[in-house]
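Sharing a structure below in structure tokens format, with a few things to ask.
Going by the order they are written in, the chains are A, B, C and D; count residues from 1 in each one.
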């Protein structure tokens, strides 16, 4: 039984708390800390059987009974808290992105090198989605041969509010970062070069924040495959999350998930349901699965499925994407 | 080169004329006869390169150059004209149904026995539809093993006008007759027993004509398979023509055809096109294919793909269906 | 908070225990009883936080703290235990079928009449399946107009072992009973008349037990709609569970659920996944949803979604189906 | 009735001859010319009712009865013959590409300016494909709002032989040129800038010819939309031809065409057919439709659906694509 402390009781912290309580075996959340802990949150947390509720996360790090912590605090604190936790001898599950600055991620890497027993997992939950996992499985099994072209479609149902855009690091580090990690996961490879063609087509207010809302991103992977991601901040029909991997022996492709398979045929045509609304609906089960695998790695001294290398790569690709937009040219990863 | 005469220049006669002219090799329509031949029809017919245009079909039968005739006249004349044509030494393609009365079909059978060299094909064009042909092919290739359950859905986009219903012989002999033949074709078997549950749900005027407009028809086939047909005279979304054959090793199923594969995703859902409107749209290519195979059988002394046995069976099943409705019980084919 | 006792700790009892523990709010399983309670089961049960573990279900009925019981014992004890529980003042969730004998179900009905405050729900979980619920919702919302033809396909991935067939009451009371209830649910109607065409095509051993393994079942519903169920005990491609409701304004149809939407295109064709293996995989979420609604009805004095009327109907239809096979004729429900 | 002369009796010339003979009203092929005219071709041509068969295309241009010519000769002669035909007062249908050199296309443009009555159509037949036409129709009808992202997938079933690659002008001018035209057609816009990421992944022999076989091509359109084309010279599952247009109000997407809709479910999964083999199978009907519209424009003095502007654009984009590969940077169309 792994005892867990959760640092940060915002939306994603609560998701993990529920997953571990109801859907993950051999794990138990003992403590939750949040600097803004209020009565309502405390009631929710205690309702899940958590006995220790703190404002200061250091109380979690000081508890010798706690084996692992989940770092679900605000992004700018991920790296520092992770390093403290590593040094306190805890296993760490860190939400994505580890940080927006490469030197801070490097500092986490160094802490891990100094503590080789530490299990450190990054929260790229979509790798555990049933559809995307099936794509990778088909590739691993050799069913499509060598990877030639990967296509990822990733469109949100609605843009974030402009205030959030400012602090989010922009579309590439906030939204596309998941797709960058997915590209690496599905091709089992890193990125060598990237080129971005982007635009502001959804909302001029986004452009006024210096960000973009629509993009086509081309990448050359280190294994020779080509990859393309197309992003939009607003799809009128909802959350569009698909992937297609084309190779020397065939192609594997996925569709969106829906609430039901019901299709209505009438005078208007043959109509199925829209995709599940947004990431909490579409990826809920993947949040449980990433926790199961993290707990399993902690308990059985196994390898974590998404380590610091992946956490570093995704941010690096995001920064290269920004550079490509600024300089309007293909950018090699080696330039960063 | 097979020289053909067409008897009856109504809708289906014109369809065959166009097929042969534009889509069938090694055949040529030399003559067309219709008792109601008018100027417009004659212009159409001559526009297709037909040189002989008659009111009296006997002029076609008397032409020694003509190898084969298509009997596309009104249903009540099919059998008599077929017999005359057989006796005149012509090959015969007879539209369905051969007749509504079994003794008249039997008379055609006898004429054929007396003229063994005659190629006689019945116009069950749907056997040549790309989808249904693919079902039979999968079955013949052993891909679904032994046939266990056949399901046919057959729904029209709109009911015929009440006046037509009276002369049509009722839904089972007019509309379902195609599905009865399809059941025999897809299971490669005859019917042993039939039970019909029917209703008037589309239009009370149909009930007032003594007919039904909705039915579920269960059959036991002579090879042991079970089969079910569901019919409606009106599907709000259009012409619904599907089949599903389930067997010991698997299932083969078909969907409707549409004008294009375009699917629109928007705030209302994910919407594809309605089925092609009606039989002329859906089955146009099948009319050409049945002609190609008829011409091929005539030219190369081959076997016709749909003979008098099939023509007899379908009508017999239709009559058994009517009997099942009247007596509200399962009816064995042997009772007829 | 509803306190629950589970009577019977077999497969389905365990499913409910897990559902309530992990997926149902406002409910808690306090006690579990099973005459064959063994150490392994007790460990499993206590692992879910259950404090009371008994061999004798009467200890559950005697506990004044327990609000509701789940009757998950063997079928032949359902009715008797239900009546005892009703008389002990408990709400009752009874697994299907309530009994195979109508007079025993009638006895339960009478107990309920005598205890009008009792919430009594029957375990037809498939009504809560996301796909089938979407069909009923479309119908309720008027999107397909009046119901004309309902089609249910229900095929198991493999037949039960012959020993089970003997005690199960035969295919109609064991397997099809779910489809009978589904037919009533989806058309929001009862059955008026039924006709069965059945066969032994899967395994002669089933026939030797006096049962059938393949059937097409036609029903006339009391609201005038026609319905057809096709059953097989073995589909080579797995658990096939689909429905299609056709009405005056359109059709709503559902497909099977799969583990993922991944489709592989290669030299063999374009291949998607097989359906989820069997009822535990396909219907797991529906088991949780029926519990949520039962708990909700108990807690808020609401109406249960599946009452004793539905429990009676499904068995009655099953018995009528057997009679139709024996007498080879359509059977009116009024005959029973 | 339009009288037509066909210049070039290779594969595509024969396709047009058959289309006009069998599927296009109000048009007739009077003459066919080919410098390599042989007995077999002449027999085929005469079998279609063509009375004049020449080696020298000038005999066609000299025939005052001939209204229009189809230029189906080798690519390097397209422009010169087109100009001669324009000057001879013929309407011209010119196969794609008009030429690989922009100055030669410009010369055709000038000839057209000098002969304003001439109908000049370029053979981008895919615009007339039922699926792609449905995408454009949905866009024109405002069903997807403003165009944001266009995605075209275009993969051949097998690469051409290396000898052909040399003379073809490379993948962008030979294969992708259709996709460039499609991008302009579907967004109803021209290209402003293009970037190509390409590779040799299918066959090293293609690389040895200085060509590529796999590419992701990003474009910015003049109306602000972004577009991406992904190409491969070899898809193991066959000819993959899809498009997806995403806009402010929704998305329209198309799938591949297949021989039938039959889907087989068995122990291996749920398998549908591969796409139609190659362009002659997939686009046959579009060849007829482009002829119908060309004939219609000639007969009724209408506008041709694909004029010299489109012919020029597609080649220009192809040359820009080559430049992008050579210089490894985004290239503006204005640079050419």
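Note that in this section a contact is a pair of C-beta atoms (placed from the backbone, for glycine too) under 8 Å apart; a residue touches a chain by one contact, two chains touch by 3 or more.
Keep in mind the model is a prediction, meaning the values are calculated, not measured.
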{"item": "Pair exhibiting more inter-chain C-beta contacts, A-B or B-C", "value": "B-C"}
{"item": "Farthest chain (mean CA position) relative to subunit B", "value": "A"}
{"item": "Centroid distance [mean C-alpha coordinates] between subunit D and subunit B, Å", "value": "39"}
{"item": "Mean-CA-position distance for subunit C and subunit B (Å)", "value": "43"}
{"item": "Euclidean distance of C-alpha centroids - subunit A vs subunit B, Å", "value": "58"}
{"item": "Residues within subunit D bordering two or more other chains", "value": "235-237, 240, 249-251, 265-267, 273"}
{"item": "Subunit D - residues contacting subunit C, complex", "value": "235-237, 240, 265-274"}
{"item": "Residue ranges of subunit C touching subunit B (in the complex, touch as defined)", "value": "145-146, 148-149, 151, 153, 155, 193, 195, 197-199, 201-202, 214-216, 218-220, 224-228, 230, 232, 234-237, 240, 246, 248-251, 328-330"}
{"item": "Touching residues on subunit D, where the partner in the complex is subunit B", "value": "22-23, 130-131, 133-135, 138, 143-144, 249-257, 259-267, 273"}
